[in-house]
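Order of writing sets the chain letters: A, B and C. Residues in each chain are counted from 1.
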Amino acid sequence: MEKTHSEKTMTLTLKVWRQEPGQTGGFQTYEAPGISEDMSFLEMLDVVNERLIEDGTPPIVFESDCREGICGTCNLMIDGRAHGPEKATATCQLHMRSYNDGDHITIEPWRAASFPIIRDLAVDRSPLDAIQEAGGYITAPTGSASDANLTPVPKPAADAAMDAAACIGCGACVAACPNSAAQLFTAAKVMHMNLLPQGQAERWQRTENMVETMEEYFGSCTNHGECHEACPKEISLDFIAMMNKDYVKSKIKNRKLSGQG
Amino acid sequence: MSGYSDVLDSKVPDGPIADKWTNHKFDMKLVNPANKRKFEVIVVGTGLAGASAAATMGELGYKVKAFTFHDSPRRAHSIAAQGGINAAKNYQNDGDSVHRLFYDTVKGGDYRSREANVHRLAEVSVNIIDQAAAQGVPFAREYGGLLANRSFGGAQVSRTFYARGQTGQQLLLGAYSALMRQVNEGGVELFNRQEMLELVTKDGEACGIVCRDLITGEISTHSAHAVVLATGGYGNVYYLSTNAMMCNTTATWRAHRKGAFFANPCYTQIHPTCIPSSDPFQSKLTLMSESLRNDGRIWVPNNFDETRAAADIPEDERDYYLERKYPAFGNLVPRDVASRNAKTVVDAGKGVGSLKNGVYLDFAAAIARDGEDTIRAKYGNLFDMYQRITGENPYKQPMRIYPATHYTMGGLWVDYHLSTTIPGCYAIGEANFSDHGANRLGASALMQGLADGYFVLPYTIGNYLAEKLGSAPVPTSDPVFAEAQADVTDRTNRWLSINGTKSVDHYHRELGKLVWDYIGMERDKNGLEKAISEISSLEEEFHKNVRVLGSADTLNQSLEKAGRVADFFGLAKVKARDALVREESAGGHFRSEHQTEEGEAKRDDENFKHVTAWEWTGEDSAQNEHREELTFDTVPLTQRSYK
Amino acid sequence: MAQTLSKPGGTQRPAPLRKPVKPLPFPLSLGQTAIGKKWLMALTGIGLIGFVVAHMVGNLHVYEGPAVMAEYAESLRTMFQGLLPRGTVVWVLRLGLIAMFAIHIWAAVTLNSMNIKASPGSYAGGRDYIAANFASRTMRWTGPIILLYVLFHLADLTWGWWLGDKFVHGDPYHNLAASFARPAVLIIYIIANIALALHIFHGAWSMFQSLGINNPKYNAARRGFAAGLAGLILVGNLSFPILSAAGLTDEDNRKCDPYAEEVLECLEEQLAESGH
């Protein structure tokens, strides 16, 4: 049977974290009436903001960009879950039909010591870039590449690399981790390249540098598995195991490569 | 007509089309490696074009400063491209070649692009794939480990490379990783959360930019020998589009106001397979890959006041209008044809869904033919995405689709070097107008962005810089910087002082409605004239009545948006004017006065075989029109027909 | 709030929480990083689990009566006697055990302090756990409980601090029964062993991840293995007090008076009679 578009609207009560730069924050409660179930969660916040502006209250600051679940900009902790209740769904793809009239929703920024709050719900996730900068690349200066089909990539390797590369860098793994570890993010980035033939030359330096940069900013992995549950792209914990192995190996390999083995 | 083209010199090199680029590369002045360090280049925007350009110039040894208004370069909207990237590799041995890709692109662009540029694009397309594969972009592979291809957007050959449905993401991550490598090695300085709000020129040459730090509100100035704008398209002028929330025209518009001509702003690509909006507060539209049209059948009910569910409507009360009107191509007609026909039936009142704003894309026949599993294997992720957004199960009931703005072919006018009309200011990627003519082929946006960034600009910019050897960039202590900085500060403070009654989003929505209604899929003279006057009055109201709360010295998203929307107003007006003077229908520009008896676009090659480029003349006067005549020496002009 | 650091060039980025350390030579360098420490924790964890299992299996001798139990205890001290002086092997094992404990605890403590520094406290609105289970979230509590219990257990049954006159060196059967006769000890024992099982339940799964032992074929079995192992240890260890209370180990059935001077000789004779 075709679902008829309901004209049903709902009224929600939002508990939203508000925080001015340099100050300690706290929850503010807002009513959100007239919410359609076809709205996305962020559109619901747009509506709340529109009303706040009318009332002369500065709108709630939250970040989003593509609103189709790929850029990784949106980042809300909704009722204690990174990206909210739906599995494999970024905040921007969460729709209000997941809620019922009268629901109370708590919205918080992501919390980690290395994700300082900028304002309200916006946090600074640039340490993830530091990890990437430390080695998240395959050195291939423009113009130096040979014909792409000269290096066949076994399909399973290409598929596994793609599974890892699907990471959108939203930081949900850090937000969901009780230790604020960035292990899943880093593992996705490291293994994407470590699995490919093109990534072999730098494999061991890459692993060592990225992991050690990660540890300058984030906590350690205690294998809770919360990161995987929160991940909008469902990146597998297997990549963490692979990275752990590669890291310990890198400690040996890098000595060997430099002739000290 | 000749009176128009005096100022625009495309600088297309002489010689046979296939040799132009090779010869030109040899003819260009080179910068000695030891001297490259002495040149500073600013790159604004870090999407495919910007990140690849910054990385490549960093590798070459230039001192590059890359600016992004995101927290990370990886967030640029190139990331959202789904389908793939074209390249004339001919790995499938199905008759593809550089010449064929060139030919298809010129033809697909409805003969409104510059042949020499398009040929160069087709030539370097093959290098892009090599480059991306070497960087570790996980392209789809065959079982033998070689690259897989698919046919895309009605192309007759399989030349599209892809990485699941996330090709844009993977290519951007490739360019981003190359950029981060340069950041690590010191070749590129990366400035994040910096929005460019002004281009600084001295003696008619670009010498730097003014930025606002989005976190602290600090207004800073940066100087360089050259400025490269890679800031994307202006699709968000429609408010509802498939663009990201932050996509805007400010950087290109500011350059335009400083003397860069804006070319072909009327060309906008409307993508036929998007999810229709569901409520007045819809913030953006989501595109679903065009590949869905390979198996889905598009129809609307015959009855105007149809209330039955799709499944309950008998076959003989359905109108498969594309199959009916275009028996040869059926549901696979080009994007603009599919879009316009959807608009026609919805405007006629046959739309489906509670807002009657879509048409059905029905997979029932395909599922009956191939089985649900086959369809799931092909489109599973798209079906999931559709269900997540609409709450409807497309395996059980038809999808609802409607066209949405997707890509803008127009942009800053650039010559063969990708230089705008301001010496030292370059535009690459979607920000320029160059390669797609009036309509872009599927899977060509990624190709063009990367071609410009990896393989074209890094060469051509050397030609300009070589002449600057020995001269330092204009210092930021120069009065031109102070002036530009003061200008930006004033503008920023002005938004905060208006204290009107309506939000920025309100005005953006209203503007978007006007642009969509009058400069959308179908335009006519009356509508366009109306658009110009209504946009102007809305703009006036916006400047008097917008309400921006908060302060300038902190993260203030309303303030950011106010500046962007203000520039969209300017762009919307020139877009309308451009559409008004182009008295023909071509690609993404359809004038209802100019159509064939069957309702197809009717080009006028005699009078409009040119690029229209607009010159800013000041706040109070309309832009001056300039023209660059196009010549088609290699691809013969033909009228498209999809019957 | 972390201080914002500007890289030369203007990339705004929070300052790192930790400074990079000067690397020590391999394998000591493993101890300098979290993944290395987790690797060490997993390896020592395997050793410690091995001990727990061996300890439990060995103690099952208690069901064969006081004499066999005493013989088993003695056999630990006399391993490789003839080659090595009495007690050497058991001391080597003990030292190994102590080293493993020390490494395991040191890694846990330092990782914990790293994690506390990295996560500034919980969510004000609470957190809704999905994958993290009770065992994984209580590792930092079950660990110390186990450590305290081990110390108590040594003091109680190895050094005999609290049994006083009732402690008979060399007669573990008797000492066990005497110890379990006190309800407080029984409760401590049960709590500690539940903590141990929880710790092993998460640890035995977690070590595969930490060591990077990963094979899609067996990944699903890793959870089952951990649950089975933890369950086995729990059942085995809890059987001692329970069966003891149920009378299976009965002090009254002894032929040797535990308080007699010559109890060890008596137990030895008894063994010889039964043909051991």
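Keep in mind that, in the parts below, a residue touches a chain if its C-beta (ideal position, glycine included) is under 8 Å from a C-beta of that chain, and two chains touch if they have at least 3 such contacts.
Small disclaimer: the values here were computed from a predicted structure and weren't measured.
S.K.: Just list the two chains that share the greatest number of C-beta contact pairs.
M.R.: A-B
S.K.: Of all the other chains, whose mean CA position lies farthest from chain C?
M.R.: Following the centroid criterion, the farthest chain would be B.
S.K.: Taking each chain's centre as the mean of its C-alpha atoms, which one lies nearest the mean of all protein C-alpha atoms here?
M.R.: Taking the mean of C-alpha atoms per chain, the most central one is A.
S.K.: So the centre of each chain is just the mean of its C-alpha atoms; given that, what is the distance between chain B and chain C in Å?
M.R.: 63
S.K.: Between chain A and chain B, what is the separation of their C-alpha centroids in Å?
M.R.: 27
S.K.: Distance between chain A and chain C based on Cα centroids, please, to the nearest Å.
M.R.: Centre separation, chain A to chain C: 37 Å.
S.K.: Going by the contact rule already set, what residues in chain C reach two or more other chains?
M.R.: Residues 11-12 of chain C each touch two or more of the other chains.
S.K.: Identify all positions of chain A at which a residue touches two or more other chains, and write them in rising order.
M.R.: Chain A, residues with two or more chain partners: 124, 126, 129.
S.K.: Going by the contact rule already set, what residues in chain B reach two or more other chains?
M.R.: 183, 192, 215
S.K.: Under the stated contact criterion, what part of chain C meets chain B in this complex?
M.R.: Residues 7-12 of chain C touch chain B in their complex.
S.K.: Tell me, which parts of chain A touch chain C in their complex?
M.R.: For this pair, the touching residues of chain A are 15, 17, 22, 26-27, 77, 79-81, 106-108, 111-117, 124, 126-127, 129-130, 177-181, 211-212, 215-226, 228-230, 237-238, 240-248, 251-252, 255.
S.K.: What residues on chain B touch chain A, complex-wise?
M.R.: 52, 55-56, 59, 70-77, 79-80, 89, 91, 127, 129-136, 138-147, 163-164, 166, 168-170, 173, 176-178, 180-181, 183-184, 192, 215, 242, 244-246, 278-279, 281-284, 286-287, 309-311, 353-355, 385, 388-392, 397, 454-455, 458, 501, 503, 505-506, 547, 549-550, 554-558
S.K.: Would you pull the chain B residues touching chain C in the complex into a rising list?
M.R.: 65, 183, 189-194, 213, 215
S.K.: Along chain A, where are the residues that touch chain B in the complex?
M.R.: Interface residues on chain A, with respect to chain B: 1-5, 7, 20-21, 36-40, 42-43, 46-47, 49-50, 53-54, 56-59, 61, 63-73, 86, 89, 93, 95, 97, 118-119, 122, 124-126, 128-129, 132-149, 151-155, 158-159, 161-162, 165-166, 168-169, 192-193, 196, 198-199.
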